[in-house]
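Below you will find the structure I want to go over with you.
Chain naming follows the written order as A, B, C and D, and within any one chain the residues start at number 1.
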Amino acid sequence: MHRFPSPLLDGYRNFMDGRYIEERERYRALAENGQKPQILLIACCDSRAAPEIIFGSRPGELFVMRNVANMIPPYEPDGHFHATSAALEYAVQSLRVKDIVVMGHGRCGGIQAALDPAAEPLSPGDFIGRWMSLLKPAAEQIQSNDVMTASERQTALERVSIRNSIRNLRTFPCVSILEERGKLQVHGAWFDISNGELWIMDAKTGDFRRPDLEEVVSEPEQDVVAPPDA
Amino acid sequence: MHRFPSPLLDGYRNFMDGRYIEERERYRALAENGQKPQILLIACCDSRAAPEIIFGSRPGELFVMRNVANMIPPYEPDGHFHATSAALEYAVQSLRVKDIVVMGHGRCGGIQAALDPAAEPLSPGDFIGRWMSLLKPAAEQIQSNDVMTASERQTALERVSIRNSIRNLRTFPCVSILEERGKLQVHGAWFDISNGELWIMDAKTGDFRRPDLEEVVSEPEQDVVAPPDA
Amino acid sequence: MHRFPSPLLDGYRNFMDGRYIEERERYRALAENGQKPQILLIACCDSRAAPEIIFGSRPGELFVMRNVANMIPPYEPDGHFHATSAALEYAVQSLRVKDIVVMGHGRCGGIQAALDPAAEPLSPGDFIGRWMSLLKPAAEQIQSNDVMTASERQTALERVSIRNSIRNLRTFPCVSILEERGKLQVHGAWFDISNGELWIMDAKTGDFRRPDLEEVVSEPEQDVVAPPDA
Amino acid sequence: MHRFPSPLLDGYRNFMDGRYIEERERYRALAENGQKPQILLIACCDSRAAPEIIFGSRPGELFVMRNVANMIPPYEPDGHFHATSAALEYAVQSLRVKDIVVMGHGRCGGIQAALDPAAEPLSPGDFIGRWMSLLKPAAEQIQSNDVMTASERQTALERVSIRNSIRNLRTFPCVSILEERGKLQVHGAWFDISNGELWIMDAKTGDFRRPDLEEVVSEPEQDVVAPPDA
């Protein structure tokens, strides 16, 4: 019998009885005035790395694009359907986000597939194979290394993938131009599912390090609700 | 000066001090044994419609693909990069999800753009224009209708878009075959940002109605952690 | 003018006025009865990674061998002078240590030299060059990888070096035999100078992870003073 | 069951809760700017004579090479692996230390073995036998002396061993040249485990005497953190 998943209905009921009540006014304002998120967050579909949970975000804060292995293909204005490029264009050109964060995570299944030399297509279309081929040159270099453990190779490619997405991000004129003008910043982050650690990318070196949370200065929340005239 | 967005670091600190502590064991198990989500949720990037918030989901429950206007392009095994098809293929063929939910929402900016006859490309690449053209025939029909209000047209296309995505979903052999075998169910849902209402699609008619939450029988949570041998 | 380094004399005076007083009886017993350390710790000479500081050790606890990059050459009974093999043999055969820990650390100068393709000999003898050539095959694989950052390559080789030393440790019959008999355990550890993190090696996979210090059950200190008859 | 030694984890936890907190900034600077120790300290592996404890050293101060009986083999550029020569070369040529201290100690097991005419090889490789043979000529002279007590012979050889290492140190061109130029000083020291006494070697005569600690003029600590451009 066809039935809407009851875990979703249960969860929704809890949402309406709890969090929605706290956020009611916020949702109403966000509906009337439109969204005005400051951040585009590009993440993986993985069920263990939901950005709104990891960053404890409230409605209106994050514009979130999610695909397998949080990848950005290079700029390719060829008239095809580009889900990722479309989301990027909309966030940067229409919403005018101030920050783009590419967040990867540990134990990523897509990365694992990219490192598996014996990986078979999952279907005749081999969409995952094609998609992960965006990382092929890097994956091959890391695959051929037999002094690092499988897990070390996996983490290495997860981080390469973030740097790769950021490199491709910058092939989009709207990103590179706004970044040069100081109106947009691009960031990398990596979440360790096994222990909850967040690692952020050093903009200069590309290395990942754990942020010093003591250093964080809480700021008055930026207005994420667009004014009515928006 | 380049700086990781402090709202994210603030939120992450709260996550680590609170929710992570409750979920520590769950994250650890999900890392060791892998994810085993039962549901693929296809949603919009909109900052006001985060699935994990609306459905109060826990880590490991939802495999979430998000793009602009929660759309699925038709099956097109042409060797290009297909973020959406790749996520779909991975969820169905590798994770073996039992349910696919396409969730749209009110006030969707992508739908709004699709209904704007005067919409200009946001960039020379016009990625959003191309992406939303997946809805062009429907959008034109609704656009030309001058007896419905702008808001009615918007909501109408939002729901058409969900049915359209579900139709395209079924052009993927892996989806139609598993659905026929009763191993996979496809669902539609629509979230009203302004008042928090969730509407779900009737599988037969395609109409949207509000679920009777009283009817929902809470079930013991399904196991979303794969056994070690998985 | 020839003068014993005053920082050492200053430090020694502080030791005699403070810590020595607390440990006086312990030193006396260790002198009369001999040492009976349970652990052989193989570490790097680096001034930033002193085992007794990192592990807050007391006199008599750690038998410490330190060389550049904490390396163990393979078993080579050729009659030459082998500082490292001699220390290993003495700890295992004479002191009968129960654990051997190979501890590497971040920012290791020896590893850095091994990864520098343009490294010049530091002297005609090129002792460092020869010594680091113990890692040559691994270093070359990692060197040739240009998708990881310099810092990622450095960390990768630091960990490979620990696994390499452990592999060579097991080429010593006294180690492999006692290990098989369950009388000796071999461990890997890596210390991050920049933030004080200690990572320990998983004996099965060779991966490094941070230990859960909450899990540590403090034990009554083992007797590290040999009985008089020793 | 394989388990990382809990005394080390206990000690590390204490380190992180205490001393690390005081030294946090120092570790960070030492990581970012590199080490710049002024002193190479050559010591024994003995668990009762840890240099950092005896000299109350802070991170970054001492580059410490430890082997059995704190010995330096003579300069032997033969292409073999020389742990000790490599550490010496690195400290002198790359770190440019200003002082080299060879520290012996009482009750040294290696020296005891060298003085035992009936000493059996500890293993077929007889690495300790070979290693201690560096002292053979001196050991034989002292062994054959039957008017000194066993304890006197032991102390005598411990001190001979320090002078012997210093003599061998000077067979390394990099040491002798820099010493002649007044850029490097070589020192001897001997630590009495039984009562904590430190004895230092007179550079001219080679005799050991206890330093007059009242004479020591505390100096502003030398900078042991390399400048960023280092």
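One rule holds for everything that comes next: a contact is a pair of C-beta atoms (placed from the backbone, for glycine too) under 8 Å apart; a residue touches a chain by one contact, two chains touch by 3 or more.
No experiment lies behind these values; they were computed from the predicted model shown.
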Exercise for review: Could you run down the chains that neighbour chain A and chain B together?
Suggested key: none
Point to revise | Farthest chain relative to chain D (centres taken as mean CA coordinates) | key: B
Exercise for review: Could you grab the centroid distance between chain A and chain C? Build each centroid from C-alpha atoms only and quote it in angstrom.
Suggested key: 40
**Study point:** chain A and chain D, separation of their C-alpha mean positions in angstrom
**Key:** 52
Revision key, fill the gap. Rounded to the nearest Å, the gap separating the Cα centres of chain B and chain D is 65
Study note, to complete from the structure: Touching two or more other chains in chain A are residues 194-195
Exercise for review: Sort the chain contact graph into one of these: line, ring, star, complete or other.
Suggested key: line
Point to revise | Chains that touch, pairwise | key: A-B, A-C, C-D
Revision key, fill the gap. The chain C residues in contact with chain A across the complex are 137-138, 141-142, 144-152, 156, 159-160, 163, 194-195, 205-207, 209-210
Check your understanding: Which chain A residues qualify as touching chain B in the complex?
Key -> 2-16, 18-20, 24, 27-28, 30-32, 34-35, 37-39, 45-48, 50, 52-57, 59-68, 71, 73, 75, 77, 79-91, 93-95, 99, 101, 106-107, 109-110, 122-128, 130-132, 134, 172-174, 185, 187, 189, 192-196, 198, 200, 203, 211, 213, 216-219, 221-222, 224
